[in-house]
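In the two complexes that follow, subunit A is the common piece, with subunit B as its partner first and subunit C second.
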Partner chain A sequence: MAGLTAFNYLPGNTFLHVLDVRVKLAALVMLSLTCIRADLTESLMMTLCLLFLFRAIHLSFRSISRELRYFIVLLLIVFLARAFFTPGRPLIGIWSLTMTHQGVSDGILIAWRLFLIIMLSLLFVSSTRPSDIKVAVERLLAIFPFISRKKVAVKVAVMMSLILRFIPEIVNQAKETLDAQKARGIENRKNPVYRLIKFAVPLIRRTFENADRLALAMEARCYSENRTDPELVSTQKDLLVFAGVTCFCLIIIIA
Partner chain B sequence: MSIIEIKNLSHRFENGTMGLDNINLSIEKGTLTLIAGRNGSGKTTLLRHLNGLLLPEKGSVLLNHVPVSKNLKRARQMVGMMFQDADSQIVGETVSADVAFGPENLCLDKAEVDIRVNQSLRAVGLENYFDQRPHLLSGGEKRRLAIAGVLAMEPDILVFDEPFSGLDYPGVKQVLEQIVSLHKTGHTILVTTHDIEKIIAHADRLIIMNNGKIIKDGVPDEIVPGSEEFGVREPCLSHMGVRVRSWLD
Partner chain C sequence: MMADTNQLRMMIYASLLAALTAVGAYIAIPIGPVPIVLQNFFILLTGLLLGSRWGLAAVAVYLLAGACGLPVFAGGSGGIVRFAGPTGGYLLGYLPAVCVVGLIAEKGRNRMVFDIIAMICGSAIIYACGVPWLKMILSLSWGKAFVVGMVPFLIGDALKIAAAVPIAKVLRPIVKKI
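Our next item is the complex of A and B:
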């Protein structure tokens, strides 16, 4: 069920839920950029903070690990690539490839940084309504004088909110397609390319069909870019959080 | 008084097949009309012309004497449409956000949107699910949510495309109760189905379609015998010559 995926808004009234979405979006951008400069101690500190925040919004670690399992495979590939192709003091040799000490430490740090960015995004998506994200993106893009609000900012914001709406839909569809294929013995076919094609083609086709049905349903309910948007209100608490995150990022970047 | 008038309406699909073939139809205000027919008979295509999701290639569709194509926003506000697949109709991240979607598109102010959301959720008995995630609702509840989403736009006409498909018995009863109560409050209702037994006791009129044409049109009791020829199962009681009873009794 889509409701069980973590890449979905989780209704709630926690500190993160009530925080102004513009502050959350700005914090996401700043912290993601800061992650690139963070060393092991700083990464560990950020990880602990994130774990605390996940706990605060009642998102279970089991659900997070289930959602992130494919990203973890990707991060493993990144780690192995760095570990084997960074020059340095040899650690282990496999065939003609050599894993180096520098490669291992570089790989761990880069994979960790990417993991932090994914966790930050997950935290943001789980605690923010897509309709609020749409408005925040629209308002933040409108700050730039070279971006036309009507032509570009609104369209980008609508696209972003629809993508968020579709992530659980695609995850659901993928699970259903996979189950249907398992029920018909796909696991007996050992060729991964064959399995990938048989999985991807119906998944893409059904995702487009669903997108088409959703577009029709939205049209039937008078959807347009000019609509009543949620009101965004900033309080002193929001400003304090923004100032705190900015200071944190500056300290890490300057240090 | 006719609220919907369809004159000489034809529609051809991109692959060349005829979706609708010279349909002439007039629907009276406040009636509950059942449109039945086998899959591919043109029921959904006909409904999609009522709110401008499809525009007439030939002929015209008038709502209160105004062509649908002249003012699409008016048509979509006036004709609330419930799709066959309730899941694909849900756009909100919570029950209340989904119901608010339509009024927000009508650019109503926030206070009015909130009033309509509360009224619509109360009308379908989902007021306790305000912050629930829609995907966690049961099949019957999802259909009721779709109804609430449409009711919040205050339409005069409600169109249900196969409202009972995939629902269990309690789900069918929940949706049927909703349709009957909306009919009682004066809404004009059109329901398409190939399984008429569930709702025929409440219908004022039955229309049977086949190959994009209207084959039969009249009072349900008179039309039902012989409907199986067009892919519409005749209710058991009707087979025995007894008047079909409501599923709500």
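Our next item is the complex of A and C:
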């Protein structure tokens, strides 16, 4: 997957890989929501748990930090915005701006929470097969009474897996188009509208042609919306994990 | 049978545009001092090409995929928290925006003036949702929120709208050929 290697499925057979996808997806959503309310000690606790889990699925810290470097810049911006724009006791003054005590502690907490949530989704994506994600989304959507499983949930799940399939293809196509333009000396053209058009039209036209081919291939293979999905089994262990995560979230939210 | 084929095609196109939006969050075209990020460009284009109904479906699935933790938002990140983060308002604003763009473009029968009006309305809706959210989350003043969250992007938006009109004109026959 060109340029987006961290967020990929990492084959394996660890505790997280065998866990029922539905449990994982539900836990991801619950924990993400809980993170927003966690204070400093609770965030620290979660970070330690996450570090342990990362070791468990053999994800190297080097690849994570390389893939997330842009995100870290974003976190830094969030932190600085908080640190400078929160009123309170002044800490350091730079030009006309002052960093406040309250701002710094606030900023650290918020940046930390965002970081935790990214780590959670990274764990989920790297320990779950894309086809399993599709089935889990379908099942969880079907829980809601106003979403019929046949009509909506299946479509949404299929579209989601199609998105994941299209992304690497588009990235490669975009790279190819940019290179082709460079080879033809696009840099000499200063008009940005011209460049955007000359970039987007071939890119989108080609990806649409590929999509047409995909539609034909799906029809030729008798695609239908009621196909047999892989069986999902949850054992006692899955229930245990689910109960544990739920308790943890409730404790943090109430406390 | 024909209806089925049409449905499948539109579904694939909607996923494709959602995927393009996701990629648009990664690739930036180096033009001038501020690189243009193509995410909202593809949102507008989705409305123009697919119309309000399928456009809404495409954006909804895109946001849902992000909420489930798939890496489709800017900076290679996903997760439900992005909606609670500082840029969450823009993301939620995509939904009404694509709907309105689709509606106006359909009513205007794909005439150029209507396309432009549609996209200007769409961009305005995105900012109308995004800026107050940014102000609330980062506790900025109104003036600062506009300076940080809207003014630097206006020129880029004008360029994107100018580019989207001819692009939509070229691509519509491909989508509508069924």
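Quick note on the criterion: the second predicted complex is superposed on the first by the 182 of 255 C-alpha atoms of A that agree within 3 Å, B and C clash if a C-alpha of one lies under 4 Å from a C-alpha of the other, contacts with A are read in each partner's own complex, and residues count from 1 in each chain.
Just so we're on the same page, contacts are C-beta pairs under 8 Å (C-beta built on N, C-alpha and C of every residue); 3 or more make two chains touch, one makes a residue touch a chain.
Bear in mind the structure is a predicted one, so any value in this text is a computation, not a measurement.
Peer 1: A:Phe15 contacts which: subunit B (first), subunit C (second), both, neither?
Peer 2: In the superposed model, A:Phe15 contacts neither subunit B nor subunit C.
Peer 1: For A:Ala81 in the superposed arrangement: first (subunit B), second (subunit C), both or neither?
Peer 2: Once the two structures are laid over each other on A, A:Ala81 reaches subunit C alone.
Peer 1: Look at A:Leu33 in the shared chain and tell me whether it touches subunit B only, subunit C only, both, or neither; answer first, second, both or neither.
Peer 2: Once the two structures are laid over each other on A, A:Leu33 reaches subunit C alone.
Peer 1: Check whether A:Cys222 is in contact with subunit B, with subunit C, with both or with neither, and answer first, second, both or neither.
Peer 2: In the superposition, A:Cys222 contacts subunit B only.
Peer 1: Tell me which partner A:Arg129 touches in the superposition: subunit B (first), subunit C (second), both or neither.
Peer 2: After superposition on chain A, A:Arg129 lies in contact with subunit B alone.
Peer 1: So, does A:Phe208 touch the first partner subunit B, the second partner subunit C, both, or neither?
Peer 2: So A:Phe208 only meets subunit C here.
Peer 1: Mind working out whether A:Phe61 is in touch with subunit B, subunit C, both or neither, as first, second, both or neither?
Peer 2: So A:Phe61 meets neither subunit B nor subunit C here.
Peer 1: Just checking: does A:Phe144 make contact with subunit B only, subunit C only, both, or neither of them? Give me first, second, both or neither.
Peer 2: Neither partner.
Peer 1: So which one touches more of the residues on subunit A, subunit B or subunit C?
Peer 2: C
Peer 1: Of all the subunit A residues, which ones make contact with subunit B and with subunit C?
Peer 2: 3, 165, 214, 218-219, 223
Peer 1: For subunit A, which residues count as touching subunit C in their complex?
Peer 2: Subunit A residues touching subunit C: 3-4, 6-7, 25, 28-29, 32-33, 35-36, 67-68, 70-71, 74, 78, 81-82, 85-86, 113-114, 117-118, 120-121, 124-125, 133, 137, 155-156, 158-160, 162-167, 170-171, 174, 192-193, 195-197, 199-201, 204-205, 207-208, 211-212, 214-215, 218-219, 223.
Peer 1: What residues of subunit A sit close enough to touch subunit B in their complex?
Peer 2: For subunit A paired with subunit B, touching residues are 1-3, 8-11, 129-131, 165, 168, 210, 213-214, 216-224, 226-229, 231.
Peer 1: In their complex, what parts of subunit C are in touch with subunit A?
Peer 2: Residue list for subunit C touching subunit A: 5, 8-9, 11-16, 18-20, 22-23, 26-27, 29, 31-32, 36, 38, 41, 45, 57-58, 61-62, 64-65, 67-72, 75-81, 84-86, 138-140, 144, 159-160, 162-163, 166-167, 170-171, 174-175.
Peer 1: Along subunit B, where are the residues that touch subunit A in the complex?
Peer 2: Going through subunit B, the ones touching subunit A are 51, 53, 73, 76-77, 81, 83, 85, 88-89, 91-94, 97, 101-110, 113, 131-133, 135-136, 149-150, 153.
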